[in-house]
Amino acid sequence: MSITHLQADIAIAAAVREATAIGVPMNIAVYDDGANMKAFVRMDGAFLGSADIAQNKARTASLFGFNTEALYEFVKPGGTSPGFDRTNGGLIVFAGGIPVHDGEGRLIGAIGVSGGAVAQDYQVAEAAITALAAGGFQEQP
Amino acid sequence: MSITHLQADIAIAAAVREATAIGVPMNIAVYDDGANMKAFVRMDGAFLGSADIAQNKARTASLFGFNTEALYEFVKPGGTSPGFDRTNGGLIVFAGGIPVHDGEGRLIGAIGVSGGAVAQDYQVAEAAITALAAGGFQEQP
Amino acid sequence: MSITHLQADIAIAAAVREATAIGVPMNIAVYDDGANMKAFVRMDGAFLGSADIAQNKARTASLFGFNTEALYEFVKPGGTSPGFDRTNGGLIVFAGGIPVHDGEGRLIGAIGVSGGAVAQDYQVAEAAITALAAGGFQEQP
Amino acid sequence: MSITHLQADIAIAAAVREATAIGVPMNIAVYDDGANMKAFVRMDGAFLGSADIAQNKARTASLFGFNTEALYEFVKPGGTSPGFDRTNGGLIVFAGGIPVHDGEGRLIGAIGVSGGAVAQDYQVAEAAITALAAGGFQEQP
């Protein structure tokens, strides 16, 4: 199973609503379980350079099934896997990429958000995940 | 001026509706006047390999301000510019990419569609352009 | 809006004059708001390898709308976004790239300078920004 | 010897004047004898996608010391070197790139122009070459 067009629309709509609420225009990407782009939008006024980051956050979270910030553990000083973030053509290891699972816990894709402070990116990505869960599209936490 | 989030939403919604009507799931990309991605969606069941093509059609139409198929004139046997389609990291020179102009005729971006026969791709891209024009977002033909 | 040919000429002329005054030949790049090159010159005697850096400084400042050195905050030890400078195909996070805004504060492009010590690069880029502002092409600080 | 900043300025000024005279905004690139960019400008309204082509025309002419269209002989059907235009990361083999020689016939760089019909590109590049020759910067034909 892979994230659907409908789920991508829900995720992006929720993310756009949250980004608008906090007044920070964002780049929002949805990737599927094949680490391929399913949907994307760059909100008006969002940093152009954050598009690549949003996409790579979603790609990274989809490739490994973890929140992007969790992967920092591998590459931090003293971590087990120095250079891990340079694999796969370059990964993102700070927050804003969150995997999406279906109702049975299977990885079906990921959301990536960039355009604000890292905490804001995370908040907006979380809003997308919450909307999917509320819609019954995803397991409850 | 560059194509807006609202215009991108209108374009994609109209393209998705047309693609659904003809029963051919499509990849639909919107690029801005700087040839950067503004929005994208891969409909459920659309060819994965057509995502790159839809994006490149939109990029190509944005880079030159012409329908993608018009650029074939340059590279067809006997054309003036052999190899033109290998510039800019590779361009698409068949139908499915259409530039978007504002009410004063200025290039503001482009739509790119791929997933069906070329004529179907063109039809779906045209539906997006028509929807933008109908909304007063673009000059009338 | 995007930076114009006239603005690019003014920016480069001012940068060349400043570089000449301090006796350090420079590479000077102007990018537009789509992070595409608008104009460039490599002064006689300027380091060849600094051409890429000047261009990337302008590109980086255009992608994010900040001075390039400000972006170091994100990637410095303990910063919020480790690896940020490896996004977008590689960014520059030291001084010499400065965004250009129009009279209403909108990002219209950026200047990038490289060829001397970082402080010299910054000084020459600043001279370009000052010339644009003096010409009424940009908001006053 | 390599083309100088002054020569690049003269070449670009003459090309801009000719492009303005014929009403076709152009991308104009000057490369040195190391096939590295010396100067570039994208005139207002010039096709964004023609920037890459202008640069590659100048690069191609600098790499081989011939007008770009002359290189088509090698790759035309029946030519001696099929695929020649895919070497060096891709070359341009239609008109608009012209080498620049010094007063003793030595290759010092090249001009590349793109943005109009191929004949217009050639005309504008020729204007740059003529201006250099008139200034005594280059051998007379």
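All chains are identified by letter, namely A, B, C and D, in their written order; residue positions are counted from 1 within each chain.
Convention: a contact is a pair of C-beta atoms (placed from the backbone, for glycine too) under 8 Å apart; a residue touches a chain by one contact, two chains touch by 3 or more.
Quantities reported herein were computed from a predicted structural model and do not represent experimental measurements.
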Give the chains in contact with both chain A and chain D, ordered by label. B, C
Find the geometric centre of each of chain C and chain D from their Cα atoms only, then give the gap between the two centres in Å, rounded to an integer. 26
Between the Cα centroids of chain B and chain D the separation in whole angstrom comes to 31
Overlap residues in chain C, where contacts from two or more other chains coincide: 33-36
Per the touch rule above, enumerate the chain pairs that touch, sorted by label. A-B, A-C, B-C, B-D, C-D
Spell out the part of chain A that touches chain B in their complex, as residue ranges. 4-5, 8-9, 34, 36-44, 48, 51
Per the touch rule, the chain C residues reaching chain B in their complex are 1-2, 32-36
Applying the document's contact rule, which stretches of chain C touch chain A when the two form their complex? 33-35, 60, 62-65, 80-84, 86-89, 91
Quick one: in the complex, what on chain D touches chain B? 47-50, 52-53, 56, 72, 75-76, 85-86, 90-94, 117-118
